[in-house]
Amino acid sequence: MSEGTATARSTDRILGINAWLVFLFLYAPIVLLIAFSFNDNSNVSIWTEPSFRWYGAMFQDANVMNALRNSLIVAFFSTIVSTVIGTMLAIALERYRFRGRGALDGIAYLPIIIPDVTMAVMLLIFFFQVFGILNDLVGIQLRNGLGTITLSHIAFSISFVAVVVRARLSQLDNSLEEAAADLYASRWQAFRKVTLPLIAPGVAGGALLALTLSLDDVVVTQFVSGAGATTLPVYVFGLVRRGVTPLINAVSTLMLVASMVLVGISLGLQRGAGTRGEKPDDPEALLDEATVD
Amino acid sequence: MTAPPVAAEPETPAPVTPELEHAAIKAESRRGLLISLPAYIYLVLLFVVPLVLVFVYSFATRDSTGLTVLEDWNLESYKRLFTEIVFEIFARSLVLAVVTTVICLLFSYPFAYYIATRSPRVRNLLLIFVMIPFWSNFLVRTYAWRVILGSEGPISQISLAMGGEPIRLLFTTPAVLIGLVYGFLPFMVLPLYAALERMDWRLVEAARDLYADGWTSFRKVTLPLSMPGVVAGSILVFIPSLGAYVTPAILGGAKTTLLGDYIVSQFLAARNWPFGSALSFAVMFVMLLATIFYFRAGAKTL
Amino acid sequence: MTKPAVELTGVTKRFGDDVVAVSDLDLTINDGEFFSLLGPSGCGKTTTLRMIAGFEFPTEGSVRVHGSEMGLKPPNQRPINTVFQSYALFPHMTVTENVAFGLNMKKVEKSEVQKRVARVLDQVQLSKRADARPSQLSGGMQQRVALARALVNEPEVLLLDEPLGALDLKLRQAMQVELKDLQGRVGITFIYVTHDQQEALTMSDRIGVMSDGRLLQVGRSEEIYERPTSRFVADFIGDINLIDVTMNGSNSARLGTGVEIGVPEGGAQPGNDVTLALRPERLALYDLDEEIPAGHNRLKARVTRRLYYGDVYFYDVDVGIGTEIEVKEENRPGVELYDVGEEAYLVWSPEAANLVLS
């Protein structure tokens, strides 16, 4: 791709300025928030001295710690389950043809474009109805709690994992799997020794996405959680509606930094794994060099 | 692309007949279905069924205590959709979503274009810097604006310092707009970037070779070819903006109700599940229309 | 006599209801021979190869390897290995790990694996790069790794799917010679798929020409080139002049212009319309006053184009039948050249032509 010829100098400068402005816009709030969290004064607008006071308060706040613990538990389980199921879905859709594949393909993409409010409503009604029926049938009254939250997170994460893994899978030269079979590998051996290592970056990316979605989620969690079981974002959301406090600043900063670190790690891993096993270049382009006929 | 076939292994192989080939194909099919089964079951149970339930509930009745009664099926909830209040809220949300999408597009396109026209190493670096806010906690990023726009935040401080009134941007619609643009900008940037990066820039060179100037070659070559990215980005911004709940809840005022909050209140405060369901369904319908419209519009320019 | 390496009987491959990729193929490939499947893109040669390997199953028919019916056996149960067009080297493994893959899958003992891998890497001259990753190797080296990875398993048959397509011309020609030599030394049956007829002609013991899912002709390179049995084969291999004539005797025929020429006896009845296939190098141009060998055909011709190829001259001449005839003359010292517009006689021996009946 030739960069120089596409845009004139002056246009390029304007584009550059715009880019800087956008970056400024994106990062200024984050930087400001982090700065404020270190402000010792309880009045957020009066800058006193930097301190870790609010971080200390945060760690001693039982509600915050509880919510954090819940968030981590839910995120852990929902990430693992949705990554496994999502990867299997991606493989089935990308490598096989079966009846109902079209329908599954359609259903699998819906959670991605549906807004979280709708998802929250759907799952609220679902659990309510199902628990009601169960109670009528066997007399056991289940309640909303960490279980329903986890199940809900898995529900919307599967599709995202599948999309990421599928993208990676489609770039894989599928003659690699044929080569493995040609060299006496069984289906499972070929998957374990060839396919899996090569889609690992995609699976990791999908897992990261599932993790982020779970840790980020507010509305769905709010709707399907019960008394006493709340996650960190939902708890913070509740606090925020009552007003800005430095405690929230500290909690927010920590959440922010944690997610940024996660991103950094995953991006680093992905770039490192690079372009292993991608389909070879277009044969036409390769044949440009070899001019026989 | 299908994987190498698996055989229904007979004792002594026989020459293949159409029936045997067919059996082998079916065995392969079954295998695929099996692998997809966990996802199939999960998605049907926790996505399709809930969706159907919402549809069912939209026809139910709300009794005097606020509970939903699955009898007396009626269209009351849907009729209520056509009242003035609902139209107002709908229109407001729609306008807000459209404006958000347009603003995002206006700033993201040059931005994505800039990144796509850098050298690979710079490109990757810039992308990482775009991804970081994208992946950071959405709630926190929106909260940051609450701090900034508050009457004690830096913007007010600045205007005070300049001798004027403290600007109270918080709890107004512009605040929600800023919050939405801020939250969803990366959703527009990434698909745009992907489309531009994938483009064959030699076509632009060819246009230049055929006497087109910069603007014309952009208009006639680059823009149409990047349409899939524009469409994808627009959908990814428009739909969440239309159903936004968290951002208006934090940055918006009580006076300007938007769809997200309106729907949520049906399930928490007002306790009118049938109406809330009808609302949700209506919103989904609008979004489906918007998606189809975007795709058609995008396809036409190609 | 050893059983044929591969025997295809009545093999047909249909995709869906309308696409017939391979149609009723009968083919016998002998043990230890270098056999090429030749044809244009889409002729079904790759599909046929894949059916032998087991990546596709025939819709009907029998595929036998050294007498054993393969049936619906998957590729990992066939005593066959493949060299892929894209090489399909595992990018996350070293050269050694790639080459050892098949042996490891078959649970061959470690020391044996090491020995065999070292030996085959030596054979393809890649011992020094045993620990490299595929991405660090050039195209030619990758190709040799693919070869080594297949051969180390000592398969009964080796399948090669246009393996030289991605290499540049000089390297390709060098590899052609290398592959032929390798096959001779190792003694394994090679089945080679290509669309490049030069490649097929130089490397193969026998060639099978395919078009549109059908096998048109099988034979040694010389047979295919000098005695094509169909218009397609004649046209596909090398340069050819195809002239439509009508028989008017057992060994004479009339051109469209009415002029009578001698043709080889070919079993065509007088009155039949047949095609005469003439290789450009079997034609010659004579001066109008030169003596012409007895029994040769002679047509008045006018030169319309002359092309210089370094080692040969190509002439296009007009003999009044509508299409021009191509003549190839070796560029010998002192060779007589004909200018564009000049008149000459087009001369050839009747036996040099081929009667193509289709």
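Letters are used for the chains, namely A, B and C, taken in the order the chains are written, and counting of residues starts over at 1 for each.
By definition in this document, contacts are C-beta pairs under 8 Å (C-beta built on N, C-alpha and C of every residue); 3 or more make two chains touch, one makes a residue touch a chain.
The structure displayed is predicted, hence computed values, not measured ones.
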Quick one: name the chains whose C-beta contact count is the highest of any pair. A-B
Among the chains, which has its CA centre at the largest distance from subunit B's? C
Whole-Å gap separating subunit A and subunit C, where each centre is the average of the chain's CA atoms: 53
How many angstrom between the C-alpha centroids of subunit C and subunit B? 55
For subunit A paired with subunit B, centre-to-centre distance based on mean C-alpha positions, whole Å: 15
So subunit B residues touching two or more other chains come to 4, 6
Residues of subunit C touching 2+ other chains? 54-55, 74-75
Would you pick out the residues of subunit A that each touch at least 2 other chains? 178, 181
Which of the residues in subunit B come into contact with subunit C in the complex? 4-10, 12-18, 20-21, 24
Residue set of subunit A touching subunit B in the complex reads 1-3, 5-8, 11-12, 14-16, 18-19, 22-23, 25-27, 29-30, 32-33, 36, 43-45, 84-86, 88-89, 91-101, 104, 107-108, 110-111, 113-118, 120-126, 129, 151-152, 154-155, 158-159, 162, 174, 177-178, 181, 187, 208, 212, 215-216, 218-219, 223, 233, 236-237, 240-241, 244, 248-249, 252-253, 255-256, 259-260, 262-264, 267, 271
Touching residues on subunit B, where the partner in the complex is subunit A: 1-4, 6, 28-33, 35-36, 38-40, 42-44, 46-51, 53-54, 57, 107-108, 110-111, 113-119, 124, 126, 128-133, 135-141, 143-148, 150, 152-154, 156-157, 182, 185-186, 197, 201-202, 204-205, 208, 214, 235-236, 239-240, 242-246, 249-250, 259-260, 263-264, 267, 273, 276-277, 280, 283-284, 287, 291
Subunit A touches which residues of subunit C in the complex? 53-55, 74-76, 80-82, 84-86, 88-92, 101-102, 105-106, 135, 149-150, 153, 165-169, 172, 196, 198
Touching subunit B in the complex, subunit C uses residues 9-10, 54-63, 68-75, 77
